[in-house]
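Input: structures, listed below.
There are two complexes below, and they share chain A, which is joined by chain B in the first and by chain C in the second.
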Partner chain A sequence: MLDTVREIETPEGISLRLRAAGALPRAQAWMLDALLRMGVFMLAMIPLGLLGVGGNGLAMLLLFALMWAYSVACEVWLDGQTLGKRALGLRVVNADGTPVTWVPSVVRNLLRVVDVLPGVYGVGLVCTLIDPHARRLGDIVAGTMVVHAVELPAGTQVPTVAAIPPPVVLAADEQAALVEFAERSGQLTLQRQEELANLLLPLTGRRDTAAVSQLIAHANWLLGRA
Partner chain B sequence: MKQERFVAMHGCEWDDLQSWFSALDRQPQRTMRQEHTLDFPQSYRRLCHQLALARGRGYSREVTDRLQRLVQQGHRVLYRPPAPRWHRVAMFLLAGFPRLVRSQWRCMTAAALLFYLPALVTLVLLQLRPELAHTVFSSAQLAQFEKMYDPGNPHIGRSSGTDLQMFGYYVMNNVSIAFRTFASGLFFGVGAIYVLAANGVLIGGVAGHLDAIGYGGPFWRFVVGHSAFELSALVIAGGAGLQLGLTLLMPGRQRRGPALVAAGWVGAQLALGAFAMLLAAAFIEAYWSSIAALPNGVKFGSGALLWLLVLGWLWRGGRERSDGA
Partner chain C sequence: MELERISVVLRPRAPREALDLGATMLRANARAVWSAWFAFTLPVFVTCNALGVALGLPWLGLVLMWWLKPLFDRLPLYVLSRAVFDRAPGWRETLRGQGQWPWGSTWAALSWLRIDSNRSLRLPLELLEGLPRRQRAARWSVLRRRIVTDASLLTYGCLQFELVLFLSVWLLAMLLIPREWLPDSLRDFFRVDVHAASTIWMLLTSLVAYLAMSVIEPLYVACGFALYLNRRTQLEAWDIDLAFRRLRQRLQASGKTLAVLLACACCWPLSSHAASSSHGSRVAPPTSLEQVFKQPVDGADQQRFAAAATEVYRDPRFGGEHKAREWVFKYASTPQPVRTPMQPLFPGFAALVAMILKLGLWLLLAVVVGALLRFVWRWQRTRVVVDAAPVTPAPTWRAQVMADTPLPSDLAGAIRTLWGAQQQREALALLYRGCVEQTARLLQLPASIDATEADWLRQAAAMADPARAQRVIAIVRTWQFAAYAGRYPDDVVVESLLVGWPAQAGAPA
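This part shows the complex of A and B:
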């Protein structure tokens, strides 16, 4: 259950990968939003203060909009992102991975009232820690989840060397393992590369550095390079 | 087919799609109007097919990740929510909302009882034993109520402030209460029950106390106009909270998760309807109820008319005509 990726099958028969966002980035996004809203309110108070008591009424309306409407409007119109969420690279999506719509957004933002309850988001925090997809109560009732919008950087590309065909026919998952090893070898220390490559002694018939370069050459062949 | 040949064959199309997505991010309106946009659903389907192929053939992460990213973006564009239509909002308020309220009539009746019973009991009790008012309210609160509804006050129902200021105040205050009532219903309905009963005691207490000390005239003249919208909206928000809490307790023949999602869907629509009603109530309260100079007939006549209107709307709104026309 350590993996926070949720795979969802779409009508097109492929699976979407949603990476659930945990409590910390969401709290940061919330803080940013809170600061932003406070800033807007204070700025607006300058001209409204000059209007006298009538300005007070407008200030109340503005406060209302910032408190209740801001999140819903942002999530629906800005592709599931309030400005704070955009800064942190988060996005609200429906449980099936589609962009969040009006009613679910209203539900999850109204139920903030419950999630904040004992002081600062106590219920919400406990709930995100328990839930496998890190949803707070509002998300569960609304059927939404908060995901990381930014994709992880793709593994570094396979270094190009002269291709050597593997001596035996490899199954699809074995091929995938080989290619992934080659893709990631740049991120590993030399010792770790050799340690991993030595596991494939029956395939390569070599040890240490020679085994690593042999595996990368196989990976090049698997990628269809000449 | 080897991976690199696959990429060479389709890479062009992927690049096109990628550049279309980034154009969409920058200029959504203009990009959507391009003729190229019409091809999007088809090319998205092809893309999904290619991703499935790439996965099935065990191509490297380089390709599958790239396709996966494109598919995620495409999925978001293809399944984005439809633009809101004013017609749908109007249809919801006229027909959908009353229908929804009627479909939840058990919770609505319970909420109405939870609110009106304590209000009536407090109202009657304070007529019989006026000194009980001091157990419900502090002396400062009582003094403020007496000042607000003093028959000599030219603007009844408030101690100071202009119409606009009070409008903002009523919106902020009343709608927040309604939203909290709904949301706190998630605690097995306890929150909603508490807010409903507490507000019942509060409103009944104010009415009872002012009636007992002889300020009843200005008080009833003030509240009769907006009470139809305000009290009904509070009851509806409470009922929405109750049904949410009851669903958590008794999900029926469903698992709790899906049952709660369905209840949340209903509850949010009820809360939105209550929000619209409270906007109307705040408008009436700020701009109409506070006029002291109108004769009693106009005040009570309009109040009765509004009550008839609200109840009739909730009772008949959105109903199919029985004659089949």
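This part shows the complex of A and C:
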């Protein structure tokens, strides 16, 4: 089964799911960052331009900081998110899912020099397209990856009805599917709801509308409502 | 479409994550996608550029290839849609399969919808669903509702990527020119080459653009397809559908098992009845062939058995004849005549050099062996030294602490007695206990059994009287040195600690 998730199991048996971010969202985040930095630099040049040679020196320093320190500072102090990444819901983490620290962040940003070759991020783009977790060379060397940080779009609240216990014991994923159905049934058409509920004829023993309401009642029971 | 056979993990994703799923699908089916892609587009590329050259318009190839993109998009979509629900088709199958898909939408995309930022999303709707026109419009308005922005961003992103790859190739070529030549070659290039051989440069540009397009266009189609899959998962709850189907299958299977169990339960009394009836007449179990078959085993039987066995063994599955094929080199290798080494010019001199070299090698061997021996000898010696000083385990201290016994009334005296009797540890322990108790009394703290030395040092720092604090710290430190490091103070120090406040309770600091 194809998926973009990198699954890591901790010694405690908890599986962490890192949803790797691919080339397209990352390029969008980079564009935002680039525009932002350019804007800051141009705004700063207005007063600095009046200061003559000294102003030029300060502008150079500012440019250096924006080019090299901006990403590292944002990644370390702003939860692994530069402002562009934050806008797109991306985050830099270590390959094991822990928050990114100084050394990996510095390494991955220094290796931009390689990824930017031959001047327009050609190496980085090709590398992200080939790597299964969409890492560029800097990420591979630093042992980091970029993941989607925003939670999955959830459904609405399950409508409250009188709870009915399901007639057989259900496994965890089956329970999750029932609750998911109850949460997302509002987004489905009535016909589709009934079609789905009819699939579970062996469980409910009913059809159509009655089956839908019975499934929602089961979901209520699974959610622990009396 | 059989949803059970889908080969991607379905769950509601944010559209941006769905794009990444597209890249993953493309990576998994790269070979099938690109073989079909090149099988179709490469001849088209050659034809277009040949046409351009023949008409004297070398830019025509570049423009035509760009214009025909919607036509090429059908190939990756065909491969990916088959790969997701079934298996990846080969390139021949893909090319043949194009006939089954409607062409109307492709004509539209090639003409008035050529500049349409939602093409990636339109493709699966029009080609895979194949609905009549009226329904298609309604369906499109539902499908695009939440994701039209992402589809447009996808188009611009892929355009950008294509540009990046196109420029990368040229910049890389420029990086490979030595720097000192660069000004001259650039000047020459723009003054002479471009004008003199413009057709060649145009064709080269066309080729690079085609290669960049070949990398990115399948990605574009795959991402659009993933957006479409995700939207349908959202609209029709495909993931729930799959989970419900699995649950139904399990319930039906367990229902069958239940039925079998019920049947067994019904048969149970019958079988037990049969068992009890046979139980009555006890029959001795047969033990030998003669007893079983009620006739003697004779020689004829043996022969028949041997014949049957040979017959069976003649079956190719149990041995017998079989053909083996193997590759044997057709031309037997002729033994190469051994070349006699060339005769040296000065045999005597060569022999001398050879002897010196040989001697040198022997010397080298001797040095290596000597160094090894020396190393072994030194190593042995260090081991002997280690062996000579056997590690004696440090004596373990066993001390009984009686925290709940009351302190003696004359604390200083009791400590002096213990110290005099060489029970130094006990003496210092008593001093520490007394000190702690006095400090607790002074600070009006509740007696706590789990307070550590560090706690008392902190308490001492909080004391109002600095002289008393100094003394508490001195006593606690002395006790720590004694208890944890076995370093005991001399008699004078102990005596100085015993005079005054904590040891003599009433005394001033």
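Please note the rule applied: the second predicted complex is superposed on the first by the 215 of 226 C-alpha atoms of A that agree within 3 Å, B and C clash if a C-alpha of one lies under 4 Å from a C-alpha of the other, contacts with A are read in each partner's own complex, and residues count from 1 in each chain.
Please note the rule applied: a contact is a pair of C-beta atoms (placed from the backbone, for glycine too) under 8 Å apart; a residue touches a chain by one contact, two chains touch by 3 or more.
What you see is a predicted model, and the numbers here were worked out from it, not measured in a lab.
Undergrad: Sticking to the clash and touch definitions up top, decide whether chain B and chain C on chain A clash or fit.
TA: They fit: once the shared chain is superposed, the two partners occupy separate space.
Undergrad: According to the stated criteria, A:R192 is in contact with first (chain B), second (chain C), both, or neither; which is it?
TA: Touch status of A:R192: second partner only.
Undergrad: Just to be sure I read the superposition right, which of the two partners does A:E180 touch: chain B = first, chain C = second, or both, or neither?
TA: Once the two structures are laid over each other on A, A:E180 reaches both partners.
Undergrad: Applying the touch criterion given at the start, work out whether A:L63 contacts chain B, chain C, both or neither, answering first, second, both or neither.
TA: A:L63: touches chain B, not chain C.
Undergrad: Which partner does A:P202 contact after superposing on A: first (chain B), second (chain C), both, neither?
TA: Second partner only.
Undergrad: Just checking: does A:A29 make contact with chain B only, chain C only, both, or neither of them? Give me first, second, both or neither.
TA: neither
Undergrad: Could you look at A:G97 and tell me whether it touches chain B, chain C, both or neither (first, second, both, neither)?
TA: A:G97 contacts chain B only, not chain C.
Undergrad: For the superposed arrangement, I'd like the angle with vertex at the C-alpha centre of chain A and ends at chain B and chain C, nearest 10 degrees.
TA: Nearest-10 rounding gives 70 degrees.
Undergrad: Which holds for A:I216: it touches chain B only (first), chain C only (second), both, or neither?
TA: A:I216 sits against neither chain B nor chain C.
Undergrad: According to the stated criteria, A:C74 is in contact with first (chain B), second (chain C), both, or neither; which is it?
TA: A:C74: touches no partner chain.
Undergrad: Is A:I140 touching the first partner chain B, the second partner chain C, both, or neither of them?
TA: A:I140 sits against chain B, while chain C stays out of touch.
Undergrad: What does the superposition give for the shortest Cα distance from chain B to chain C, in Å?
TA: 6
Undergrad: Do chain B and chain C touch any of the same residues on chain A, and if so, which?
TA: On chain A, the residues that contact chain B in one structure and chain C in the other are 173, 176, 180.
Undergrad: Could you please specify the touching residues of chain C with respect to chain A in the complex?
TA: Where chain C meets chain A, its residues are 7-9, 11-14, 16-17, 19-21, 23-25, 27-28, 153-154, 157-158, 160-161, 163-165, 167-169, 171-172, 174-175, 215, 219, 223, 234-237, 239-241, 243-248, 250-252, 254-255.
Undergrad: Would you pull the chain A residues touching chain B in the complex into a rising list?
TA: 10, 12-14, 16-17, 53-54, 56-61, 63-64, 67-68, 76, 79, 97-104, 106-107, 110-114, 137, 140-143, 151, 154-155, 157-158, 172-173, 175-176, 179-180, 183, 219, 222-225
Undergrad: Quick check: in the complex, which residue numbers of chain A touch chain C?
TA: Checking each residue of chain A against chain C gives 1-5, 19-25, 27-28, 88-89, 117-123, 125-126, 129-130, 132, 134, 148, 150, 152-153, 168, 170, 173-174, 176-177, 180-181, 184, 187-188, 192, 196, 199-203.
Undergrad: Given the complex with chain A, which residues does chain B contribute to the contact?
TA: These residues of chain B touch chain A: 2-6, 44-45, 48-49, 51-52, 55-58, 60-62, 65-66, 68-69, 71-72, 75-76, 79-81, 84, 161-169, 171-172, 175-176, 179-180, 182-184, 186-187, 244, 257, 260-261, 263-265, 267-269, 271-272.
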